[in-house]
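Chain IDs A, B, C and D follow the sequence of writing; residue 1 opens each chain.
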Amino acid sequence: MKSKGHLLHIAVALAVVLVAFLITNSMENRYYYKASYVVLQYVVLATAWNILGGYTGYVNFGTAAFFAMGSYTAVALIKLWKPPLYVLLVAGGAVSGLLGLGIGYLTLRLRGVFFSIATLALAVVLQMFMTNWEFVGGGAGTAILKPRSVPFFSNYDEFLFFVMASLAVAAVFVAWLIENSWVGRGMAAIRDNEEAAECMGVPILKLKLFATTVSGAMMGIAGAPFSYFVVFIEPSSAFHLDYAVNSLAMPMVGGTTTWLGPLIGAVLVGTAQQIATVTLSAEMNLLIVGSLLVGFVVFAPEGLVGLFRKLRGRAMGRSA
Amino acid sequence: MANRIVVKNLEAGYGSVQVLHGVSVEVNDGETVVLLGTNGNGKSTLIKCIMGILPHTGGELYLEIDGERVDLAGKAPEEIVNLGVALVPEGRRLFPMLTVEENLLLGAYRPDARKDIDRNLAFCFEAFPILEERKHQLAGSMSGGEQQMLAVARALMSAPRILLVDEPSVGLAPIFVSRVIQKIQELKEKYNLTVLMAEQNFNQAVKIADRGYIIVHGQIEFEGKDTDELRENEMVKKFYLGV
Amino acid sequence: MFSFELFINALVAGLLLGGFYAAFSLGLSLSFGLLDVVNIAHPAFIIFGSYLTFYVNENFGVDPILAGLLFAVPFYFLGVAVYRIYYNVFEKTGAESLRGLVFFFGIFFLIEVLLIITFGVDYRLVRAPYIGKTFHIGSLGVAWRLFVPFLVGTALTIGLYQFLSKTFFGKAVMGVAQDSLAVRLMGADPIRIKTIAFGIGIATATLAGSLLIIIGPVEPAIGREYIGRVFAITVLGGLGSMSGVFLAALIIGVAESFTASFIGPSWALAVSFGILLICLAVRPAGLFGR
Amino acid sequence: MAEKLLEIRNVTKRFGGFHALTDVSLHVEKNERFGLIGPNGSGKTTLINCISGALRNEGGSILFAGTEIGAMPAYRRTRLGIARSFQIPKPFTSMTLLENLCIPLEYTAHAKSHGADVASEAMEILDQIGLADRADKLPADLTQIDMRKLELARAMAAKPQLLISDEAMAGLSANEVDGILEILFKLNEGGITIIMIEHIMRAVMSFSERIVVLDAGEKIAEGTPDEVVNNKEVERAYLGE
């Protein structure tokens, strides 16, 4: 039964990737690719954030650091020898994953708010380093030329859209795998009560290191194609606080305990932002995110998934 | 004027666990009454009810303050403190990161206590010279016995009429237990306090008690009208060690 | 590169900056260090204060320090309201650690966005007779725009220190995070104490905001770089110790000033964050923790 | 003499200047019912924290089935066969009762495979302890008594050789105490060694084959319940001088 479930999910995942590919062959308007890319990128970031924050209970305010390290690893490699995109993805993921591993060791000493502040501080320190590293453009930033053409796709933006769609599918799939495995159950035990978890045989340090590494690596991978996407990269955009706020707000809106939460949150909030940016203004879209974040954390801490479950529970209670 | 504690058929507990099953205890003006029994039998629960930390679910609980009856149902701890009741809590509950002196001054927070603050502080230092020596030291850095002295002194800073003491002997070396308990008696006489003390250490407690109750499993199993009755040792041993 | 004069200049500038940083961090030290309320939105409240100061200075010519003092009153009530929400939604249900943190993060972001919408992203500054002037001690030039914030920051530190250590209420504030039941046994209501104390913490934000905009122009997102700095100072100062905060603020101020003078201004900010990271990893109780 | 399952030699633990444990030595035999008593603050919980790994002992050694475990992280000690319940229940709040039990089952008994059908095993344990009808409930929905049973059930699910029950009966009625005692007796018959820490004297005295008494961080007596009750030191510890 279990393997059947896996097969079904793999089939759904492949179908989504295929649809993404077909879209690139039928749709022309470049704006939609750009907008969808951003939303999909948030699907990866929110899902990654949730593996540490939602499953394991450690709030990371430094999403921007992991994302930007992925981007800047790619920039450094592009400057060196222009490797193919998959190399950038692997390298970005590796660097941010290592960073995550390091942050993981911090959980030995820092819990709760201290951990969160440390991640925030990490983001600022790394931004300083990038600002001062002239090879990747320093504070002024640098332009990145994207490859002229790519097989099977009519232009590079469509290709990037396809890549990000595949990454989003992969990220959600990984989250689903973790959630439904002994690893995910151990993480939930850590989130609920770290001391009891360890006394029940859960190797808490190993699992926390796993969570921080996977979460960091996924953020780094999401960041790797960023410089090709924006064409011009500077520290203030790669380390933007919006990444931290969004990757946290989206799971909060969707619900933090399942893989579905960040997915729903990222699609809804991300799309709303894209629409708001066009129809209202960039500031209004941030206002919406902030209000949603505060609103959900105050009124619906379980997120949309939780609200939905509650409603369904009530309906079932009535019928029973 | 009389200060009394009256507890009638009190019922209380935590969540669905009922700890007190109809406990009746009276402490009359100027008396020292001890509540005896081993841990987990409801001594502290009763003290918490009187202090308003835990609401009771049944029975009656009132004080007489200067002859005036005050019902305690629904009162918050801070209101009860302001009636002139002080508690030396179990585990002392000092402010470990404040100095000895700051702890004592906080003891006099209630408005009625502030006017006599200098006199009371002087008296505390006289009663516990060690506290004056250490007044600039952090409370958390003192030994267990000194901390217990400070906890007693802090309670007295609120100029109480009724003093509740919960397990003063916990974690103390025997020599300190006897010193602390003697001090409580001295202070009680000096201030003419009405004292209810929950204590496991039977032999120390009865030294200063006028009367006592033995509480087992949330019920008063034995009421000793004087200390001789309480010293009926075999009986006590039965209650204490379960043989 | 190195000269004695440069050294003295950097030292004085750092100390002056440190006095200002103290004003910036006191409110957080009060809420985070003493009340256990992780108000990471504190820098945003300060920027908010800067803009209010800018508004009345620009339109009515009110002196920035005076403006800071005036706005302290409504900010106190703002703080009371924020704490009431925080208490009822998070603290009472025991959900403060994770969700409470996210709540303040959201508040931080909201304030920033609202300021951008209202005032735009341009840098704003204030006018006052002392801004732009310098006095000299020997060959050493001291800018009034640094000296005034230093004085006000020092006064605020002394004021809060006296308030906390000399009044009954202040002692209860210090006690409440250590043991809130024990505070009740002293006859005080811990929720009331926390509400008032949090209000006072937010009230200091307007004055800190005025100082911030006296020192230099302000834009809405400037709060971000202060998050790490104030937490570095608060943690380094030993959570909740006002004198510790002042010392830590001086240390950070001098460290940044030296870094800016001898290594480069773009590295200055990394110093406080670096100190914060080291401090968190090595000694979370802070250097001056009691 | 029977085989020693747990051996504690000269264990010491300090908190700042406070000596929580001073030079404590004791052993527990295989399949023994062992009682650990002492007045409040005597160091009982500190000692079991040192055994289970929540704290590290400072001096001396702790041997479990002949292996030194003093430096091991807690989860490895659990996997070796030491499980404990907490005095203040610490359930996994977001999980159902069944899922609560699956954690120790998956992480200790089946730590190698992670794939066994733990749900039915968890159900069996819930059934044993009388919580089967609440398997799908969250801990928040439980009464205090059921919460303590869950705490015990979760420790059982770690399939321990040694079960440490830390005041599992505090605040329970006489009938409920008997209920828990019955469960513990049954577990012991099934071959599990049990350390009981308890304030309810009737329970410890009737349950334990051997008792060690701690007072102010030191071992003051050891023996059968009868010997302990008639020990002058014990009387002094409880009744005072």
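FYI, a residue touches a chain if its C-beta (ideal position, glycine included) is under 8 Å from a C-beta of that chain, and two chains touch if they have at least 3 such contacts.
Computed from a predicted model, the values in this text were never measured in an experiment.
J.: How many steps does it take, at the fewest, to get from subunit A to subunit C if each step moves to a chain that touches the one before?
T.: Shortest path length, in steps: 1.
J.: Which chain has its C-alpha centre closest to the mean of all protein C-alpha atoms shown?
T.: C
J.: Looking at C-alpha means, what's the farthest chain from subunit C?
T.: D
J.: Roughly how many whole angstrom separate the Cα centroids of subunit C and subunit D?
T.: Each chain reduced to its C-alpha mean, subunit C and subunit D end up 48 Å apart.
J.: How many angstrom lie between the centres of subunit A and subunit B, each centre taken as the mean Cα position?
T.: One centre to the other, that is 56 Å.
J.: When the centre of a chain is set as the mean of its C-alpha atoms, what distance in Å lies between subunit B and subunit C?
T.: 43
J.: In subunit C, which residues are in touch with two or more of the other chains?
T.: Counting only residues that touch two or more other chains, subunit C contributes none.
J.: Which subunit D residues sit where two or more other chains touch them?
T.: There are none in subunit D.
J.: Subunit B: which residues touch two or more other chains?
T.: Not one residue of subunit B touches more than one other chain, so the list is empty.
J.: If we use the touch criterion from the header, which chain pairs count as touching?
T.: Chains touch in the following pairs: A-C, A-D, B-C, B-D.
J.: Could you pull out which subunit B residues touch subunit D in their complex?
T.: 13-19, 38-41, 141, 143-144, 167, 169-174, 177-178, 200-205, 217, 236-237, 240-243
J.: Quick one: which bits of subunit A touch subunit D in the complex? Just the residue numbers, please.
T.: Of all residues in subunit A, those touching subunit D are 181-182, 185-186, 188-189, 191-193, 195-205, 257.
J.: What part of subunit C is in contact with subunit B in the complex they form?
T.: So the residues of subunit C in touch with subunit B come to 165, 168, 171-172, 174-175, 178-179, 181-189, 290.
J.: Residues of subunit D touching subunit B in their complex?
T.: My answer: residues 16-18, 39-41, 143-145, 167, 170-174, 199-202, 204-205, 216, 229, 234-236, 238-241.
J.: In their complex, what parts of subunit B are in touch with subunit C?
T.: Where subunit B meets subunit C, its residues are 51, 53, 76-78, 81-82, 86-87, 89, 93-98, 102, 105-110, 113-114, 138, 154, 158.
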